[in-house]
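Letters A, B and C mark the chains in the order given here, with residues in each chain numbered from 1 onward.
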Amino acid sequence: MTNRRFNLALAGALAALCLATGAEAQPLRLLTWADYAPKDIVDQFTKETGIAVEVTLSNNEEMISKLRATQGSGFDLAQPSQDRILGPQQEFGIYKPLDLAQIKGEQFIASMLEATKKNTTVAGKVYGVPHIWGTDGLVVNTKLAPNVKDYSDLCGAGLENKVSFRTKRPTLIAFAFAAGMDPFASYGNKAAYTAMMEKVGATLAACKKNVKFFWEGKDPLLAGLRSGEIVAAMAWDTGGWKLNGELPDIKFVAPKAGALGWIDTFAIPARGRNDKGAYAWINFNMRPEIAAKVAASAGNFTASKGADALTQGKLKQQFQESFPQAAIDNIKWYPAVPAGIEDIEGKVLDRLKAGS
Amino acid sequence: MMRARGLAFWLLLLPPVLWLGLLVIVPHVEIAVLSFSERVGPRLYEFGFANYLEFLKEPLYWRTYARTAIMSVLVTAITLVVAFPVAFYIAKAAQGATKAVLFLLCLLPFWASELVRTLGWMILLRETGLVSALLQATGLAAGPVELLYNDGAVILGLVYGGLLFMVVPLVNALDSLDFSLVEAGFDLGGSRIDVLRRIVVPHAMPGIVAGSIVVFMLTVGNFVTPALLGGKNGLWFTEQIYAQFITRFNWPQGAAFGLLLLVLSSAIVWIGLRLTGQGFGETMRRG
Amino acid sequence: MRRPPLRGPAIQMTEIADLSLVRVTKRFGAHAAVAAVEFDVARGAFFSILGPSGCGKTTLMRMIAGFETPDEGDIAIRGASMRGVPANRRPVNMVFQNLALFPTMTVGENVAYGLACRGVARGEQEARVRAILSRVGLGEFVDRRVTQLSGGQRQRVAIARCLVLEPTLLLLDEPLGALDLKLREHMKIELKRLQADFRTTFVYITHDQSEALVMSDQVAVMNRGRFEQVGSPRALYRDPASAFVAGFVGDTNRWDAEFAAADRVRLPGGALVAGRRFGTASAGPATCFVRPESVALAADAAALAGLDNRYAGEVVSVLFDGANSTLLVRALDGGFELRATLPQTGALAGVEKGARVQFGWAADAARIYAA
């Protein structure tokens, strides 16, 4: 183990020597999502600042688990969703407060920056600023499943073994909204929230006959939709737009109950060693021309002011088709998740996955 | 002189002690301690049995636990039944180069990672996959057949993954079987079943036990195969552990589950050894 | 040359033979391991097949046991053809060369195996196992592991394991090969005793002529897939039908020679030997055999006056072996050497190397075969 680590370190040192360029600066260790740090952007950043970037791909739960395991060390910058900062921070203390003076606030869409700051404030200190946002909704093969307009339609007749969703919290939230409930309003009331989730759990259990598989990674899901084995799924907008580019019948549909809006943030781990690099990366990424490129790579929109205007036509057009103004107004933005809520959801999800 | 010998002795003892201590005992002790802590508030934990009580109270958890145990025993049994003729052929019938080639064929799938192997099965078994297409082409099925996401697919994948670990100890054990014993078995009036049951199987017992222990342990602790091939109704206990540790951030509960899995697999191995009348130490020496 | 089928001396034809082979042939590729072998074994006989390694005797035995199928011919046991009958259905049991005791079982379980396969009730199994083990003198060893037994005891377990099934025929494949000399001598007597005791027909294969001669009622000498001769040990010894049998059975002096006349051969050294000729050829190469015990030794020539062949010789070495002692003698003018039995009671009992002796034998004692 030690040996291997030593070898790795040695190899890393050699590589650094060969590249020579940013040899004096520490690398920035970035914990992020797939497509959020495309290679050309990383290269440009390194060229400008002399700071190399080591990218590790992850998702919300793994980010929290990884940082928790190391008590906030091992990475210099992470990108959790804005609603997933408060609880874990209270519970595990894995992030450090942001020094907002180091961040060029004028580069952000002001409303989004304020909302994120508010949601990620713990004990008066801000822990996150927004980067990329998008929605969860329905990806539908409009030819094979023309009637799917809302989350609950996934459980409709005639779709046996043909739909998919994740066994994760967005699914519970979505089906709660689809059933006319407001889960966000019950965040503060654990008993009410538990009852609500039990109800949603029962709905989903009854829906299982329609589920082909619970998707985890987006690639098997997209493959299923492409082949027609899956005709409708609850998924991210970006996946739907990607498929729409290949197969026009497949569309991202903003559900009647409202798409679920998420914002992925920048947050600095408690024991990050390269805050300078982290702030440099944040400011670099929020530059409109950079943000536009990242948006194209991720297939989503960013919180950068002015990047929208630079976004290429196709994505914009797809967005407009999926989101008429009413649908945009109907997006349910996740409020911060208080600690304890995920335990309630977890059990419902476990039971859904295991039970029969 | 005495001092030097003493030093050498302690130095030689150091690696196994470090190995056992750092990689086996310390992590398990830590897991055990963790499993007895309950959360009473943010960043506040107390000693308690809540995690184990939770396991007992929640049918979801012990059902998954029982399901994992039963299916693992089943997988081990099927692997044994499939591997035995293969091993017998390799050990007793194949000669020279054929033997090496057959062994290599068994080994070949293991050059790819478990993930790749499992994805291979997914490609074969999915509704638009090869098997489904073949069934339709031959007229055995009217429409597309979904062979994935059920317990059968999980068992298939696990048996496939365990096969090599069963074949190797079996070949080892059967290699030493003098073929004249088999002939004597027939000569004295035994049927094929008699010879198999009374002569070949007892001879191969150390290999059977060693292979079964390894396959069972690998199966119980497998994660990728049940997660990918499994159905929407089927959860493996390791998935529960993963869920507790990674998606629920509930380490104490995950630790309790981990410890329970350890107890479960040890208990089943112990029962297996008891039932077959084999000693663990003897098995490890001979196998 | 095709030999007429060889049969043993008359057996009671009223009784069906326990084993009879009719023109049994087995080929491996172009090579005939067993070529048109025919013989009968009478009930209760101890029948041996004697031959050098590679002569086909093991193949022959495996065909009788049912592990190989003859390409031609038929094997019958008590008159019933064994064609298509698998090994486990034949009333034949076999003691393997390495005994093939089941190492995972105790002595008792080894013996009970065949009974268990037949579905004999457990209680009866136990009684029969105990009975047979005490008959072979292993009554107290029922619960021992076979690995804890001595070589001779293992031998007896292997035999008991077969005999408990009361087979028509017991096949023994060189079972004494692995034993040391003392034990082998002992086991010869033991086997003979067991056979007499159980009255089971034994078919015994060996390359050791002494085992075959000592134990058997009938011996078949096998060479290159064929039977050279079948007969009682005494007949084989006294009256070998071929040069091979003459050379293989019993101790003998053997010379390659040349016919000088119909009943006289010339040895390579020039000496002429008078003998009895077998076969039709009377010219060309020949082989001549004289048994050591047929050679008379004397201090002076007058004592050998009645013999057809007489030579003066010199003792090359004394091979002392008690009652089996022999002298190696070289003929002074014939240029050949031979072994002669040295009686330990006669005048020459104390003869030393280098001594001059007279030796000779009757023409009847020298056997000449066309080569």
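Following the convention adopted for this analysis, contacts are C-beta pairs under 8 Å (C-beta built on N, C-alpha and C of every residue); 3 or more make two chains touch, one makes a residue touch a chain.
Computed from a predicted structure; not experimentally measured.
The chain with its Cα centre farthest from the Cα centre of chain A is C.
At the centre of the protein atoms shown, by the Cα-centroid criterion, sits B. Chain A and chain C, compared by their mean Cα positions, are separated by 91 Å. With each centre defined as the average position of its C-alpha atoms, the distance from chain A to chain B rounds to 36 Å. Chain B and chain C have CA centres that are 57 Å apart.
The part of chain A that touches chain B in the complex is made up of residues 61-62, 64-65, 68, 88, 90-93, 161, 168, 208, 211-214, 216, 220, 227-229, 339, 342-343, 346-347, 349-351, 353-356. Across the complex, chain A is touched by residues 42-43, 58, 60-61, 63-64, 122, 126-128, 146, 148-149, 227, 231-235, 239-240, 243, 245-250 of chain B. The touching residues of chain B, counted against chain C in their complex, run 178, 180-181, 183-191, 194, 198-199, 202-203, 205.
Looking at the complex, you find that chain C touches chain B at residues 65-67, 86-89, 92-94, 96-98, 100, 102-105, 113-114, 116-118, 161-162, 165.
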